[in-house]
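Here chain A shows up in two complexes: once beside chain B, once beside chain C.
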Partner chain A sequence: MLRSVKGVICQGPKLDSGYFLHASARAWLSAAVNQDAQIPAEKPRAVFRTNESNPANHAEQHEGQHYSIPLQEVKVVFPHGLPYRFQMQMKTFNESCLMVRKPALELLGYLKSTNLAHPAIRYVIYGEKGTGKTMTLCHAIHYCAKQDWLVLHIPDAHVWVKNCRELMQSSYNKERFDQPLEASTWLKNFKTSNDHFLKEIKTQQTYMWSKRESTEKGRPLGEVVEQGLTRVKNASDAVGVVLKELKQQCPLGAFRLLVAVDGINALWGQTTLRKKDKSAVSPEELTLVHNLRKMVVNDWNGGAIVTTLSQTGSLFKPRSAYLPHELLGKEGFDTLDPFIPIRVSNYSQREFESCYQYYLDRKWLQHDRARTEEGRKELLFLSNSNPWQLERISAYL
Partner chain B sequence: MAAARGCLCSCARPMLPRLCVGLVAGPGSLLRAAAYSTALGVGSAGPSQREVAASRRSRTSQIARNRRVPGAPRTEKMAVDQDWSNVYPTAAAFNPSSVPLPIRMGYPVKRGVPPPKGGNLELIKIPNFLHLTPPAIKKHCAALKDFCTEWPTVLDSDEKCEQHFPIEIETVDYVSAGPSVRNPKARVVTLRVKLSKLNLDDHAKKKLIKLVGERYCKDTDMLTITTDRCPLRRQNYDYGIYLLTVLYHESWKTEMWENEKTEADMEEYIWENSPSQKNALDTLLRIRAAEKITEVTREELLGSEMVENYKTSVVVLKNGETENNILQYKESVMKLLNLRA
Partner chain C sequence: MAAPTAGRLAALGRRLAAPARAWLPGLTQVRWSRYDPSYLEPEVNKELYRKPLEELSEEEKMQQELKALQPIKATPSNVTSSVFSDPTISKFTNMMMKGGNKVLARSIVTQTLETIKRKQIEKYHQASEEERESIECNPYIIFHQALKNCQPIIGLCNIQKGGKTYQVPSPLKDNRKRFLAMKWLITECREHKHHRTFMHEKLSQELLQAFNNEGPVIKRKHDMHKMAEANRAYAHYRWW
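Up next is the complex of A and B:
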């Protein structure tokens, strides 16, 4: 009850400020254009914003600053990847700004120096709840997309192991289960982000979907995706085919592959799905999970695997668990081993200052006290520099 | 009622025979008698009332005279160097006039202090150890000394005691005043021994720990066996010693089915033949293959320093995961995969 009321209150000021911002943003932009010569107006901007919009050029001096991604790019690169609250913020501010942070810079450094001949290295981003793991992953994805890698982005692996309304027995393997809805949603989004690749990559063998439908050898991969989208029954198998083809062809060097999985601990945890006889379904009995597990093993080369651990959507894990072994479990850890763990923590002083200035600049903090030094200290204390917490508190002000 | 009582009391004395009429009948009749007596005449009623009042006053004054005046509390008569065990020779409730301490106990009133000890139920309710002061205990020891034997002079430290007598036996004796001296709790015997004193090899120690389960404490390396299944203490002691012997001999034996021990049964993480080792070696071999270096063998890789480093960090991580461990693991993996920071 309370939550729904809070939601209403949340929506209210956002809509109003959204309209308000449209007008003010336009006015402000025109004012900025007129006052180009005025340097003092630029100076407060420089603290928390940077004009460098290509992640490849992000370096230590950009740490703590926000860089904006053009909205057109966002639609292509992130059809399904940004956190829900960030998407709402994007709609309100009419721009999408990501903060450049140290873990992301570290990860980008590793990605830049990837040796494509070596087996794919696995990176696991971990940290407490709400510290910015998904955003770090999105930063890396943006970099790879800009560098023309093929991005295989699974936005939340937890979605595949819970709340499935239609669980069908797989036609390919009697033991496994298909999830047509989830698979077709994913295929649609995958198509949006990697359309040009799908036309170039050709299948290496024939796939029989049914007695009458098949995809010949040498056809573009886009046809497999189309097959999955039109015949929803075969969607999970289509996903499997896509993953297999990509894994086989990536070592040949035609393209570079980034496998980005958010919430990878879902693959080795438990599911809430049940079979017809009410017995629990284990993750490897799901086609999607089975194929994805094969993807994150490092027996291929020519790309990288970046994953995040997430307690937020996870099943049967305590809220305070964030270390890799706790969330992955023994099986998951042994499969991913050896991997590079990357820690993401709460905002530092500089980053908090930057975020606070950004919200003030976007007129998100409407309360009078928010501008004062006391207000800033109060925000710092209440949120404990936790990005998620800060965002939630600011939404009420 | 008071009037009736007064009437009854006055009837006890021989001076007023008039009111003896209604004595045995009860209060109702007494009242009627009283009403009757007033109906007789005003003159006769007056002196009876006065006499009732007078008798009441004199009765209360007599009670007051008979009541003993309390003397000075004992605390005022105590000398500073008195023998306290005379005041509290046994366990007794707290007596405020026997304890010369200005103690306050209880919840204070608003803007006040805790109530004083006089008539303080809180102090009386709680158990006190006023009968167990050090001089009193000294007296107990002196009294018990006649029944004790001398402590051996060789055993002057804890380590020597442990070295010569590794097994500790604990028994409890119960004394109570009652019709019977028996207490069923007295048959419990507790045996304590440190496993480091027993001659066990690695396999025997692990097997013994698995056999005893909860009775072993890892922090103090102590095995505790508590027996109470026999009716007599001597029998329980024998049974405890028998259990220890059996555990020791059984843990040295290796059964045929013990070689089916799976990874889940292992107490600690062993890196050899683990998926982690396989993964690491496979990755390294693939890296070498990519670099076209084919002369490297598995043994060489296993012996190399970075693999050793990786192995230690994985073992430490598996045994207990902390931030530091993960940072160490990260460094070792970076060295393994030849990544520069």
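Up next is the complex of A and C:
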């Protein structure tokens, strides 16, 4: 079954026509790039770096090399979504460098040959802890942002099912619960990355927020987002409206939609939230989760759904669990089935060497023994080529 | 590590020739070990084992033969053959430890080193070309230099004479100096800083200040020196 789905993607035609949002939208990316001071051309090109900063041109020859994203672009494309330690690294090194790896190249290949007439294909990136699933997702998001897709990025679905300070009963549906704080933070970040799209997409029906406030049919979607930001009580419903509108309008062909969810196993797991009578809240009783679940079903076309499984933020799952069956559970697996699994594993020899050279170049490995062959072998042994572990060890060396 | 081991082994060798007595009448052992005196100390340094036979001196060859025959003590769990292991850092971690929670102490120390490195590298990237050479980014060098700057040269000890206790200036052993430097650093961070800041943040600030010869720990060292200078008159009370 999976093989036939893969066959469908490979035969699909390349994307070309009919996207009028191109010209106006691409201007913002190039403007953002021009503002940032580029690396001077005289700097010698090291083996672990590549000058190719457009993910569309990344090919197998770039495997294992780091490409840098200008910091202005990072602020626009990734207002949320980069891992915390990567953000600290960006601040320290004053640059943002991503490694081009095989799973990401595979995923980019599939995205390049998506057939927009067919239902959206779901990709699930899975792997052991710390192998680079979130960074692969970010690579795909950067590619789609450069190619002018509308990126719907949920940075960590686990945040929506735990540690909620204000859980209020939803005004739209008495059974469900709203999370105003999480919804408004998400809307703010969504606005930063997709501002130009929000001005052009129009609502297709009237929405009544309260007796006096409403959004008419035909108003730009940006107004719905503003409504959610100003009236925080309606933020979760605003998110639901945005998702519904995007799902309805994407098949019409005006824009291509990428739904990127990190930690999708949160939608079908358990929550740590409790109702007033101390009984547990199940995920479908949360408005945000309910609406996101509808988004991840493949009954729309004109884009793709890329998700990541994550044990790190998950609730009530053992640390050794990383396979889709273990993390998604029966319900989640049945909803996501059929999907294309993309396995991300530890660094290969070449990738490890590249990462090691990058840290040496950025003066991150300061211990004088770290530069020796002995030190390198010890780093390889201690980290077991696991990217997360290597980063944590080289932090204090 | 090799030189003191050689000295100790030579002394052991001499003692082994004579009958080994762990007990003498009139002498009580303060620190004693369950090991028989014939047990040798373990050697963790990989470099020494890799030396080819020709480079070994006579003494080292004798040691190797001894190791083949004599029993060797078990290595304690805090000793590693890692190239990154540092005895000063281990000592500092042990002094930070509370209630045997070595995991927490070690994590604090590694986070401190990371924080120092981040601060210095950020400064490095934002500085101009001339200033870059003067900025030290290696957290280990900063740590060792800061500790060295905090070590007092002369200390005070209490001597009772004629019913009164006098603070008499006296020389300090190396171990005592290192201990005092580390103790002052840790106490300063624990007691005189805001309790809601993280320990690694407080420690990194203190270490960077001590590296530049400023800050409260350096002040405490100077206070100790001034007291010793003030009590110079009583220096002759010391008889050792």
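Here are some notes:
In the analysis below, the second predicted complex is superposed on the first by the 352 of 397 C-alpha atoms of A that agree within 3 Å, B and C clash if a C-alpha of one lies under 4 Å from a C-alpha of the other, contacts with A are read in each partner's own complex, and residues count from 1 in each chain.
One rule holds for everything that comes next: a residue touches a chain if its C-beta (ideal position, glycine included) is under 8 Å from a C-beta of that chain, and two chains touch if they have at least 3 such contacts.
Quantities reported herein were computed from a predicted structural model and do not represent experimental measurements.
Of the two partner chains placed by the overlay, only chain C lies in contact with A:Glu378; chain B stays clear of it. Once the two complexes are overlaid on the shared chain, A:Ala117 sits against chain B while remaining clear of chain C. Contact with chain C, but none with chain B, is seen for A:His367 once the two complexes are overlaid on the shared chain. Once the two complexes are overlaid on the shared chain, A:Leu397 sits against chain C while remaining clear of chain B. Residues 106, 109-110, 113, 115, 117-119, 121, 298-299, 301, 323-326, 334-335, 337-341, 343 of chain A touch chain B in their complex.
By the touch criterion stated above, chain C contacts chain A in their complex at residues 82-84, 110-111, 113-114, 117-118, 121-122, 124-126, 137-140.
Residues 274-276, 279-280, 282-283, 286-287, 290-291, 310, 314, 317-318, 321, 323, 326, 329-330, 333-334, 336-337, 339-341 of chain B are the ones that touch chain A when the two sit in their complex. Interface of chain A with chain C (complex): residues 88, 91-94, 362-364, 366-370, 372, 374-375, 378, 395-397.
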